[in-house]
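Input: structures, listed below.
In what follows, chain A forms one complex with chain B and a second complex with chain C.
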Partner chain A sequence: MRRPPLQKNHAYLGIAALLAFLIAIPFFASDYWITLVTLILIFTVYASGWNLFSGLTGYTNFGLAWFIGVSGYISSLLIADHSFSWLFAWPIGAVLTSIASIGVGYILLRIKGVYFAISMVALTEGTRELFGTEYLTAITHGGKGVPFVAGIKLSSLYWAILLLATLTLLICYKITSSKFGLRLLAIREDELAAETLGIRTTRDKIIAFALSAFLVGLAGAIHFTYQNYIDPSFAFSIHLTLTPIVMTLFGGVGTVFGPVIGATLFTFIHEILWAELSLLYMSVFGAILMVLILFFPQGLLGWMKEREILPRIRKI
Partner chain B sequence: MLNFLEILIRGLMLGSVYALVGMGLTLVWGVVGIVNIAHGEFVMLGAYFAFWAFSLLHLNPLLSVLLSIPVFFSLGVGIHKKITERLVKEHELSALILTFGMSILIWNLAQFFWTNTYRSVSYLTGNFPLMGLVFAKSKTVSFGLAVGITAGLFLFLKYSKWGKAIRATSQNPEVALVCGINTMKMRMFTYGMGIALAGAAGTIISLQWVIFPQMGASYISKAFAIVVLGGLGNIHGALAGGLIIGILEAMVTQYLSAKMAQIIPSATILLILLLKPTGLFKK
Partner chain C sequence: MMERDEKKILAVEGLVSGYGKMEVLHGISLSVRRGEIVALIGPNGAGKSTVLKAVAGLLRASSGRVVFLDEEVTNHPTYEIVEKGLAYNPQGRVVFPDMTVQEHLDMGAWTLRHRLEKEKALERVYLLFPWLMERRKRKANQMSGGEQQMLSLARALMTHPRLLLLDEPSLGLSPKWVKTVFEKIIEIKKSGLPCLIVEQKAAMALEYSDYGYVLETGKNRYEGKGDDLLNNPDVRRLYLGG
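Then we have the complex of A and B:
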């Protein structure tokens, strides 16, 4: 028997209530909870940003940390060395990262899948080494890192990332139900056929890539302002690429709300595991990734759509 | 000028070992169709294999090089049979994410059990002079071993029945299947060979450099650079690519800095993909 689909009005009411609750959090919750929700929101943007490009086009981006690190470095250096306000430093970092990603995409996105994935790993590793070399010490402070204070209150930072996460989800929601989103899906299913039908695949891929870079870069800038510190091994860490991918795979690749669910769950898991078994933490994540690919490749939302617990539409 | 020759030879010796890692990766990629991101981790495991055999069992490292080949071959066959064979028919990116997870799992477990201490196998230390040049003993022996294994691999692929079957599977799996080749078995065998090459390269590496759980990352990026240089699935290209990367690294280390040398793999990958994505060498 078919289950009745979710009532649209109820869904909107629920989202509005959740949003109101999230906006109100700094007025009553302790700093610990604000911090935790801030992290959830940062990783929501990372995961959704990864999903926006990789989930729709099927081009696996193993260089998410490159977006995060480059934007984080630009904004942190602007704040630390050139006394910019965070209000300007963040968007400048994100926009420059997005522009750089157009250049990278122009080189790497003309070639089929796997080469793209590995060269993004190489790019991230290479940039990390480059930022740590003695030749760039004058600009990047070399390998010893940059501590800085941005002078932003935790609550303002929280509202900023909440705004960004909401916008990111709205953009993902709009894109999946747009013609642009359909073109990206066509690339994932059969790139050659899509091209034959007149889709300018390289252009569409680069647009999605640059949009993903902008959103993830903005979240990266906020992330490092929140940490008050940046160094090459931290900014380009494999952890920053791996975690959002695991989150997205768990929630459901190519869905709008899957990455949110994954980010929420895995940030809590991180809180628990990190304290209990910090040394084995990364191996647990690696193992989860393998298990997800082998036994649960459609993710939680994909699974619920298959069982018709949720309606089978792209907008969820 | 003498100095230049010395650096060139140093680069060639370096490159011969890199080529082993790269050939393993390109072989598996070409025949099995799986991009093994965990390839570098098997190099690390190979290095630790030689280290523990040397420090616990006092096994001669040269013997562990030979011993590592069957050990890592069986390991590779096991992993392929249990895990990666399921993904052969899937989208290639599933395998990519899976081996990425495997890589993270292996090096973090290694870090957990063996800690982050830098270790080395102190065997064959010292130098010897030859024709006015100075050679490190360990590097010369490593070079000899790498050349031996490479020659063995080439002869096997060129003349043996299994080698021919592997090449056939690589060229066209469907036609190979029609001709009576058990392509599933060939994939398993090739995966084992790829891992064995990585493991053997690791044992050779432990003779000359320090080893630590995260060392795989630098070898996987070199191996990718080699595959991109040589063209996907091209064994001869991978050998040439390995030598090129080795010589480049020796030159940059000498004339610029060791830190800059670590940028070579990424720079090579980006440049080659920009200028000639099919690789420099014809199959």
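Then we have the complex of A and C:
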């Protein structure tokens, strides 16, 4: 039986109501809930940012933590040692990371498939070592990390990440239905064919990579300000790369809203398991993950599109 | 050779190219004139596909010249050559599996800046492949091999080209589709677009072509009008299987 497709107006109304609710959260919710939603939003930006590049171009980025760590470090050091306000430190971190990613992309985005993925892992690990080395202690504080206070209230930080997450989704939505998005998809589907149609594949890949770096970097800066602490093994942790990827797989790779749904469900499941089954947490989590990948290989949104619960369009 | 100098769309002179340090082409020369179908035939490993890739700027030429529409384009980036009017249809029905027919055509047309230009290209493509119209919303992975080859051809035509390079358009197709593909190529030629075709099915390609080149291990071996090559006993014995 076919269900009637969702009405567009209803969808807008639903999004507006959700947004109003999210904006209002700091006025009535406890700090526990504000913190939980803040984490969901940070990981929404990580997952969407990963998806924006990897989901559309098919180049699997296993170095997301590099974006997060580099921007996190730049902004944290600016706040801790150079008395910058978070308001300036965050964008400076994100912009510098984005610029650096253009250089990285220029070199690494010519390498295809698994080699690109491995190179990004190597870059992240290498940078972690660099930030932890004693030779650079004067700048980075070395391996012992940087504790700092940014002087921003939890509610303000929450609204900042809410704004960023909303913008990120809007950008992903716009790109997916744009010519640029279609070019990225063509690269994913067949890069040679894309090139023969006159698409400047390397340039387009670098633009998507740098945009992903900017958004993820900004979220990374907010993340470490929220933690009031940064150190190399935390900032460049493989978990910061893998968790957003798993969230995206969970929600639907290459979809617009998959990463948000993935980040939300994933964080809640994580919370429940952690509270109820802290000893078996990782094994139960792994089992859930395997079941999901076996039975929902296209993620939740992909599955819903296939069943025609949702319209089969790219814009969702 | 002299008589072929006028009305040249494409001229390749002494082209040397290959993959990395492996040289495949040791100085190839050929040309395509206005309104012609030119076939490039020869045994496996002769370098036929390599010629097309080097012309399209996908491989570097270490020596020699490629002149397209009276302008040297040797080692120019692919997007520049495509924007100048070269359409290159790669080997093996290269479609975008998850994209619809409409999206393929949009992709093909994306170098065209004017709306009007795009509509003209679309009109021409639908005239050649009327059945694409009703399958606009179908994804490429729901199509047969022959349909995919046609879609790939249609997409190449959407760039509004001045020259079409086809790499083994018959590869992996049933005899019925092979015939359809060649008939479409004739129609395309009649619409004023010259083609350079690389084909394994040499006899068939020569039958449909105005001119042919036979390559062997990266060098020119024979050339001549399609019929002449077909009737040349040496070519028949060596490359057309008797």
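What we mean here is this: the second predicted complex is superposed on the first by the 292 of 316 C-alpha atoms of A that agree within 3 Å, B and C clash if a C-alpha of one lies under 4 Å from a C-alpha of the other, contacts with A are read in each partner's own complex, and residues count from 1 in each chain.
Please note the rule applied: a residue touches a chain if its C-beta (ideal position, glycine included) is under 8 Å from a C-beta of that chain, and two chains touch if they have at least 3 such contacts.
Just so it is clear, the model here is predicted, and its values are computed rather than measured.
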| item | value |
| --- | --- |
| Chain C versus chain B, contacts on chain A by residue | B |
| First, second, both or neither for A:114, with chain B first and chain C second | first |
| Touched partner set for A:183, first chain B, second chain C, both or neither | second |
| Which superposed partner A:129 touches (first chain B, second chain C, both, neither) | first |
| Touching partner for A:192 - first (chain B), second (chain C), both, neither | second |
| First, second, both or neither for A:245, with chain B first and chain C second | first |
| Touching partner for A:200 - first (chain B), second (chain C), both, neither | second |
| First, second, both or neither for A:29, with chain B first and chain C second | neither |
| Chain A - residues contacting chain C, complex | 179, 182-183, 185-186, 189-190, 192-200 |
| Touch list for chain A against partner chain B, complex | 58, 60, 62, 107-108, 110-111, 113-115, 117-119, 121-123, 125-127, 129-130, 132-135, 238, 242, 245, 249, 279-283, 285-290, 293-294, 297 |
| Chain A contact footprint on chain C (complex, rising order) | 56, 58, 77-79, 82-83, 87-90, 94-99, 103, 106-108, 110-111, 152, 155-156, 159 |
| Chain B to chain A touching residues, read off their complex | 35, 37, 83, 86-87, 91-94, 96-98, 100-106, 108-109, 111-112, 217, 220-221, 224-225, 228, 257, 259-260, 262-263, 265-267, 269-270, 273-274, 277 |
